[in-house]
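Consider the two complexes below, in which subunit A is the common component and subunit B and subunit C are the respective partners.
For the complex of A and B:
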């Protein structure tokens, strides 16, 4: 134990520290001004993000329940970064919100759960992390207490999430039944491919699939995304998904190596369904949050395509894409959150003529959507290219073909929004909106990130290096 | 080492004058533009003379061999540790000679244009373009780097485009400028690919390093000659493609079609760009890379020889039938450049073998003088007659005595009558061809005879034939052109007459060592006699107006028509682009796009709509439904993977 105990768990300790600081402030009840406190909290989160770069060591704790290395530290820091951006974008919404501190406490608790989940070396630990991240999230979805839609969304999420967890827990218990262990280090040798183990794999996968909104386990997604506050929708679509992808990368191929054919085939079907259905639904959405929900479902299908190859290079592609996806998605969400907070408008048609009144924000939407659609030379193009190359390395040309076709479809609907924003006339366009410093900072970071990651290969090389360490 | 700073002035002066005239001239000093341009060119010319004197008589020669001197060099763009694009000045016999030719002819043209373009409202634009062209051409000839030459090559192309289209209100001029630009762009594409091949093989863009690596026995040469593609080595392909670029600028077959149309530009422009300087850039390029052609890729050099010889004969035949005075001269230019090309093509490297190389450069030099002179004379005639058609002229020898005499000197020079300049260079070319390739020699002799014929056909028709009658010309001018136009004529005529006496081989040879070429009197007799025969026929047919030429043309009607129609090459290209590319390829693709692709897209769009309408029903919004679907999907996977798949 000793100092190692603190260093290896530094990300978790830091989050807990922030949560407790906020809790003490809340309990004291002495603060007057939301704005100052928001500045303080954002500084804490920024420090937390910077901490993620220093003294990353490999090691295990609690009888290999908890393990970490530089890749995991990097993954956690991606989540830290995304949370920071989301927090910056929530400023408009939170500056007059009376439960501002609860928002941060709940949000950081879910993040803590995800950290434990990513670092877990044992299915028990993993399950604890999963639940720790799921339950506060349901509360966050219902954060606007006066909105009926939010309550409905939270209800759906809690119920279905419990349902999915139940099935997953069933799968985990069967793992213990067939192998006598829950330890990630011991499991690969024990999972040999009996029918019961296939059953466990399917049950555990459905749990992941629910969180990732993989078709056909995605049905909750649109309702919840629409009902939740925009900030939480962004969190669900970026942070929550990224965490599960990280876990999937570190469990699926290493633990179930004995069942490679099975999980590959499961992924095969899921990817095809996910990409196609996600795209088909995205086309017909009127609400911009629902639209992003479905388009992000399709994006997850692309990430799974890389994961299905199961090599270091393909995993690199997946993580690289996740970063690009984070930057691009948060770019759009930042604008949507602002518009929603200031005007309450959330329909795609409301955005007609948006460029005329808000040119800078219009460009942010355009660049982000270009990146999501994978148009060169934005980062999204390279992200998609790496994913498709990774998929092709496995030799699954059917998948690659379907993915490529769907890229064209997604191009259509992303560009349709760009057209709406830039070209379509509108009698009553959204009024010019004043942005604040926080939003400008967050959008600036996203846009610069989209351009720079598109033009330099350093990030990709770095992730690949982490995988080979 | 020469102090390089003042050599830089040679290209920079015209460039500065371009900026000055182009940016300010039109508004602030429209009247003085021509003087500024001319003075800057005069300064450039004087510096070139100094440089040439220093190079040839003071510093150029080391142990009897002329060295390649890099007088100035800066790295412009570093691609990789090995490959960079440099900008610099390379002095060697041919670049110094070209400096002289370009500045001298350009200076003459500047002077001449003061008279010819007098009163033109856009004269400042004209002079700024002229300066731009001169700058680009000078940059081209002093290039140290193959990419530098490419950059200036394109600049030259642009200024040529601008000048051909100078009379932009004339649709034919606009069309001609577009044609010239597009045709040469096609050829330049080959040039660029060639540069890429060469630089890939030799890992450098620098001329001297490239030539050294590809002519001596190095790994670069080995890999370049062993890598084979369609039966030729990579090196041969690279050089052939580079030559394609040269053929485009130099109007060799099959890229020659732009040159006759380019005569739509003002006549001084034709004289400068499309007779004396730019069109020989292709020859210069081949000469620049000559060691590589000659030592490492003789196949590519053979291509150069045959393209040159064939273009030369082909153009001479066409020239015999044209009636537009400038077009005759244009085809004659093409024919003479063909001479230079095949002279390079038949040449070997070093010593006596290198006679063709020296002869080619010599001919380039003399040709620049007499061809510029011919065009300027033609310009003077056109200026007076207000027509390009030979049939509108005749009997001008009394009215324009100076033009008459200078034109005659130029004709004698191009025909190769001793002691005029063309005789010496042409004799060397024919001699080189005689020793190396008899077929090409025969084509050369035939072309020489045709040259004599069409040049004197032109001469007799303009200055003798029927007496001149005109309604408007005499009221406008009386006889001779103004002094600014006559002075260049006289100077050029002087040089066209005497430059042949320079012992050219002493200064310019393939390997830098002096080449002493004797005058072979016994050999020269045949070409001179043949030229005299050509002149005699022209005299018989065109001295007095008569109907023999017409009868002859009717007798040879098929061939005459074909030649008059320039062997229908233009129509062939038109057929290929319109008939084949547009109709056979473009139309079906357009149809396919309109009906199949668009239809397919519409069909898929409606299918997508239908499917999404159907699966929308799953999205009911009821949480119990979602749970059911969730559960059903899990069970579905279980069934599929435990019972069916395994």
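For the complex of A and C:
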């Protein structure tokens, strides 16, 4: 346990440090001004994000329970980045909130859980991380204590999430039963395709599917997204999903290589269902948060399309898309959070005539939605193209055809929102809203990212390099 | 050495400059100056191309430039032009200048309007110079969404429905193109499991005929949707008639040509064997579009719908020419693309200008316009005469070439199709003469028409520009035939490969 112990776990140590600083401030109880404290916290998070770029070494700890390398460090930093953006966007909401510090402590604890999950080299560690990330999240969903809908959402989430964890744990126990090991390094050789192991795969995939809201395990998503505060909805739809995708990439095809046909078939059906159901339900939504819930379900279907190919190129496509998805989704959520905090309006119809009163925010919505729909010149186009190319590399053109046609369906509902914002007339549009510095910064980063990430191949090449190391 | 990227750079800078513009006058002039520079660049490109060819350069593509973009997937930014692309670039440049001149007095949200028009043209230029299928697809999709916003925001009538229908049908088409392109890509193993999007390289690889039979329909129908291939033409009438004038000009003049160009350059060129196998289907659908379009036009009462349906019919000639797969027919198809682009832009432009003054597009409510609007009415009649294929105008040259090329196919089926297509010209004459006669000649239908003013200088300039272009093809078709002859020959050599293997 030398200096290596600190360097390998630097992201975790940094998060824990921030949590404890905030905890001490809270316990002291001397702070007066939320605004100053928010500035301080955001600076801490920004430093944390920058720390993610330096001294990323590979190595293992705790008897190979915990492992890390530059790819994992990069993945963690994506989550750091998304959390920072979400925190910047939560400013309007938190500046008068009396539980501001608790928000950050819970949020960073879930993030810590995800970090352990991504770094895990053993199913026990993985499960520990999963639970650490799940339970504070339910508390966050219910963060606005006076809202009945939030409580309902939190309850749904706790119960279903516990159920999914239970199923997953059952699957993990069967892995131990059939192979006698839980270590990721030993498992590929031991998983050979017995019937019980197929059942294991199904149970573990169910756990993942629940967290990713893959159809038919998506039923909690819309209610929870609607009930949670916007900032938490954004967190659920971006960070929480990204973390699971990272784990899925590093477990599904490496560990279950002996069962490739089985998981490919499972994915095949899940992808078709997820994309179609997500799209069809998104069309009918009135509430913008529910709408984004279903649209993000459909997006996950596309990510799974890439994962189904299971090569370095396809995994690169999945991670590249996740970054693009993060930027685009947080672009929309930033505007929604602001509008919701300032006016309390969350219905799609409320956004009629929004462009006339808030042109800049209108363009932010349009660009982000175009990116989500995969329209050039936004980065979303490149992201979607690479996902579909990755899917096609497996040679299943039925899947690719369905995905491509569903891009058209998804364009329909994204365009409907754009139409609402730009074209529809409204007697009482949302009043012009003043944006604060934090929001401007976060939206600016998102928009620049959406425009630049696609044209410059640097990021993509870098991820591909990480996968080949 | 000419750098083609400048053709993308000029519209891009223009679009950014439009966004910077402070007031309406600045914005208009910036957009106009940008598009005129682009037109000049296009003409300069034409001359340097002719000079290269005269100097004996027989390379298939000139002024090539390539650089690696996404090296992991072997995606390149690869551009180059031949005569066909240059013809298309010139067409685009002329129509864009005319469109900007005609929308000179745009009042609402004019910054956004000109920005989107320039962005749309950027997509078209990029599409015509791309030689990498990925880049090509990128520009193809880039040119869809601006259309939605142009129709949805500045359109008239049932604009939201039309805009959505157009966007979804075109994106549906491009989804098919996407699957087709990917299928092509994964069938081009150029060693070590590396695939390529390079159009020229793919044309030299012989993809198994069995595979081509799957890929060709995807590509052809996908691009066909853009060029209103029957029965996927239904977006065209609604979209054209709801769009604001400049957008209809662009839509019919250039956007539909993206499809025709794609059918030729991508589908037919890369899959020659399959093109021969499916030739009869293309001919059948094209003939159906020609006849259906012509008869549907007869039934229209609204001038814009009339022109939109006649566009379906005219684009049928493009597809007929491509489907016949003879050199003359393909030259005819290319000339028809250029000719229809210019003519339909003029037609939509004149309808838009008349509508601005009379506030109606119903033929029944118009009459005697020649007395009060002599210039605009003349333009309208010229557009109509070109549309019905009167000798001296570009339409005649184009259709005649297509028919000659089509007649070279001796099969009975193709002969019948050619005869039917020829016969449709009579129908065209009926509706054009009827509409022109009713709206322009005769007594003045409405007292208010006496108080209207004739064309402004911008509108005159736009009309004259388009008419000059039309006449220069109509009276001197040889220059455009010379321009595309060599390149059509090269395409034919590839297509001929398909013929010999049958």
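One rule holds in what follows: the second predicted complex is superposed on the first by the 469 of 469 C-alpha atoms of A that agree within 3 Å, B and C clash if a C-alpha of one lies under 4 Å from a C-alpha of the other, contacts with A are read in each partner's own complex, and residues count from 1 in each chain.
Just so we're on the same page, contacts are C-beta pairs under 8 Å (C-beta built on N, C-alpha and C of every residue); 3 or more make two chains touch, one makes a residue touch a chain.
On a predicted model such as this, the values are computed, not experimentally measured, just so you know.
Contacts of A:401 after superposition on the shared chain: subunit C is touched, whereas subunit B is not.
By the touch criterion defined above, A:251 lies against neither subunit B nor subunit C after alignment on the C-alpha atoms of chain A. Judged by the touch definition given at the top, the superposed model places A:222 against subunit B, while subunit C stays out of reach. In the superposition on chain A, A:460 makes contact with subunit C only, while subunit B stays out of contact range.
Once the two complexes are laid over each other on the shared chain, residue contacts for A:173 go to neither subunit B nor subunit C. Contacts of A:357 after superposition: neither subunit B nor subunit C is touched. Applying the stated contact rule after C-alpha superposition, one finds that A:287 touches neither subunit B nor subunit C. Once the two complexes are laid over each other on the shared chain, residue contacts for A:198 go to subunit B alone; subunit C is not touched.
Residues common to the contacts of subunit A with subunit B and with subunit C across the two structures: none. Residue ranges on subunit B touching subunit A, taken from their complex, read 608-609, 611-612, 615-616, 618-619, 621, 623, 625-627, 629-631, 633-634, 637-638, 640-642, 645-646.
Residues 313, 316, 370, 375-377, 381, 385-386, 388-389, 392-393, 395, 397, 400-401, 404-405, 407-408, 411-412, 415, 418-419, 422-423, 457, 460-461, 464 of subunit A are the ones touching subunit C in the complex.
Interface residues of subunit A facing subunit B in the complex, by the touch rule stated above, are 155-156, 159-160, 163-164, 167, 195, 198-199, 202-203, 205-206, 210, 216-217, 219-220, 222-223, 262, 265-266, 269, 277, 280-281, 283-284, 409. Of all residues in subunit C, only 69-73, 134, 137-139, 141-142, 144-145, 148-149, 152-153, 160, 163-164, 167-168, 171-172, 175-176, 178-179, 182-183, 185-186 touch subunit A in the complex they form.
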